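One chain, chain A, links the two complexes that follow: it is found with chain B in the first and with chain C in the second.
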Partner chain A sequence: MATLINTLWQGLWYKGGVGNWSYQFHRLAGLGTLLFLAIHIVDTAFVFFAPELYKHALEIYRHPLFMLGEIALVAGILYHGMNGLKIIVFDFWPHLWNHKNEQRANILIYVATFLAWLPAAFIMGSSLYKHSILPWLGGK
Partner chain B sequence: MSVMTSTPTVRKVSVPKTWDTRLWQFMRWSGVLLIPLAWGHILIKDVVIGVHDIDLEYVRREWATWYSFWRIYDAALLAFAFAHGMNGLRHVANDFIHNENTKRVVSWAILIGWFVISAIGATAIIGGVR
Partner chain C sequence: MKIKLKIKRFNPEKDSKPWWGEYEVDVEPTDRVLDALHQVKWFQDGTFNLRRSCAHGVCGSDAVRINGQNKLACKVLMQDIVKKDDDTVTVEPILGLKVIKDLIVDMEPFFAHYRSVMPFFVNDEPAPADGRERLQSIVDRERYDQGTKCILCAACTTSCPSFWSNEEYVGPAAVVQAHRFIFDSRDRAAAERLEVLNQQRGVWRCRTAFNCTNACPREIPITQLIGEIKQTLATGEIK
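This part shows the complex of A and B:
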């Protein structure tokens, strides 16, 4: 048990610093997106296999907690895409790859992800407010 | 004392064309493709339209118009995103598995899972809304 915990922990934190955080976020965002995607493929396939169940799936999609999850998913997909581009650029043009550029790129990606996520989160949040929070408050 | 005059050496490394090499390349190329595909999908469905305006009729209409453009778009998304994700899962899993046999079993399980779910999605895209 102690060995297992040690293995998991070292697998998570083998270097530390900004680069390690980016590596962690990249994996977390990727795995989270994959989990969503696997479910999403099957529930969308209901349009062919079981149209009645698709309506039920949509109800789950419209649940306020699920909508919150989607707002987080957008952040994950934006981050994973931008960080993935960074990995591709440094892999294909290795002369650009040094510690300073890596760190600069990582910070730039945090900022760019946040800025791109803000308007999307605002629009999705407004939809959540209009469809879930307002009716719950007794509004129209 | 030896003088350390290091001249940059150019190494020619021949990379064997194994499955891992191909998958490494696939991760890069599909990754670039997924920027417009996945971001576009999320932008349209979650931000512009929103889940409250999506229903069976919406999907039926979308897949029927524009010479099936969106159906092909969804097929591309299914093909590239899910394979990209499942191979990513294999990479993460391999980081934590140190036994070669376990690695093989897990890799096969991921491959089968990828195939089954992809087949379900592909059948629905080809079959269309019922």
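This part shows the complex of A and C:
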């Protein structure tokens, strides 16, 4: 087990280029989404089993740090979905798997994810500013 | 030019964990990393161990991690890796296989996977009437040409995150070898090989990280070949 952990740790720093980064971001985004879904299922269950805890969960959701995390989560979900689509397309046409296409596709995914994330980040960021940061600064 | 060569050393008989050995080596820009490793072995520290045979990129025995990426030490020139502002070159053993000593790893699990895909020609049909070779068109020969270039250096398999996390995975090199025979129009054991690759430890463990293709010193489009095997398994058609 120690050897496996050591190998995986060293693997994190392997300089495989943009493909390796995509692989790691894909896993990270997937795990983040899974974690959020698990938390969301648990807090929704509170409505029935422990309503007072549900209110507490909502307060946590409105915490600025959690809201920032949600904005990051949207980026993760978008990236995970788009990178998944890329893999599906390449799996249908394996001859696309070459250096040039792989680099181009990954850069395209990063750009597309960023562009798709901007509106969501703006809307969620505005809410964060209005409901959390402004009251904290003493504004209305 | 002078470079600082950092080599990950480990002697299981003496060391409890790996350590970095640092050596100052005088090299020409056109020297290979292998030449620098030889300088250390021959003139600075005879206890240092590495594996190499032909030293010309054919035998595939000196695959190591150079500056964090799998390469053949005999094919990488100093001028291509030494930066102007950083004269340090790091050399580590390839990942995912047990280190025997210094840069030498136990290749047996790798070759066990290689053997599991039957990397040999199978055809029990009678030979042609003239008793000579089984002829094949140029197009048929070209279909599996990429796979014939593999030198079994393990640079691909040991750059694969799926292999790092599960050594049961057959790995890219074994898939390439299977591809070489599956798409050979003269071979008759494609079904057996595909069965091996369709198992849990088979080709579906590939997560398309593309490290294998980047690491291959023979420039084999490994991820593409793996994709072709996946497609063959999904459609049942060898084309």
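Just so we're on the same page, the second predicted complex is superposed on the first by the 129 of 140 C-alpha atoms of A that agree within 3 Å, B and C clash if a C-alpha of one lies under 4 Å from a C-alpha of the other, contacts with A are read in each partner's own complex, and residues count from 1 in each chain.
Just so it is clear, a contact is a pair of C-beta atoms (placed from the backbone, for glycine too) under 8 Å apart; a residue touches a chain by one contact, two chains touch by 3 or more.
Because the structure is predicted, anything quoted here is derived from the model rather than measured.
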By the touch definition at the top of the document, which applies to A:Asn20: first (chain B), second (chain C), both, or neither? second
With the two complexes superposed on chain A, say which partner A:Asp91 touches: chain B (first), chain C (second), both, or neither. both
Considering only touches as defined above, state whether A:His99 meets chain B (first), chain C (second), both or neither. second
If you tally the residues of chain A touched by each partner, is the higher count for chain B or for chain C? B
Name the contact category of A:Leu8: first (chain B only), second (chain C only), both, or neither. both
Now for A:Ile133: first (chain B), second (chain C), both, or neither, which partner does it touch? neither
Go through the superposed model and pick first if A:Leu65 touches only chain B, second if only chain C, both, or neither. neither
What is the contact status of A:Ala38 with respect to chain B (first) and chain C (second): first, second, both, or neither? first
Does chain B (first) or chain C (second) touch A:Tyr54, or do both, or does neither? first
Across the two complexes, find the residues of chain A that touch chain B and also touch chain C. 7-8, 11, 87, 91-92
So in the complex, the part of chain C that touches chain A is made up of which residues? 65, 67-69, 95-96, 98, 159, 161, 164-165, 207-211, 213-215, 221, 223-228, 230-231
Footprint of chain B on chain A - complex, ascending: 7-8, 11, 27, 30-31, 33-34, 37-38, 41-42, 44-49, 51, 54-55, 58, 61-62, 67, 70, 73-74, 77-78, 81, 84-85, 87-88, 91-92, 120, 123-124, 127, 131
Listed in rising order, the residues of chain A that touch chain C in the complex are 3-4, 7-8, 10-11, 13-17, 19-20, 22-23, 87, 90-92, 94-99, 102
Which positions of chain B touch chain A when the two form their complex? 28, 31-32, 34-35, 38-39, 42-43, 46-47, 50-52, 54-56, 59-60, 78, 81-82, 85-86, 88-89, 92, 95-96, 117-118, 120-121, 123-124, 127-130
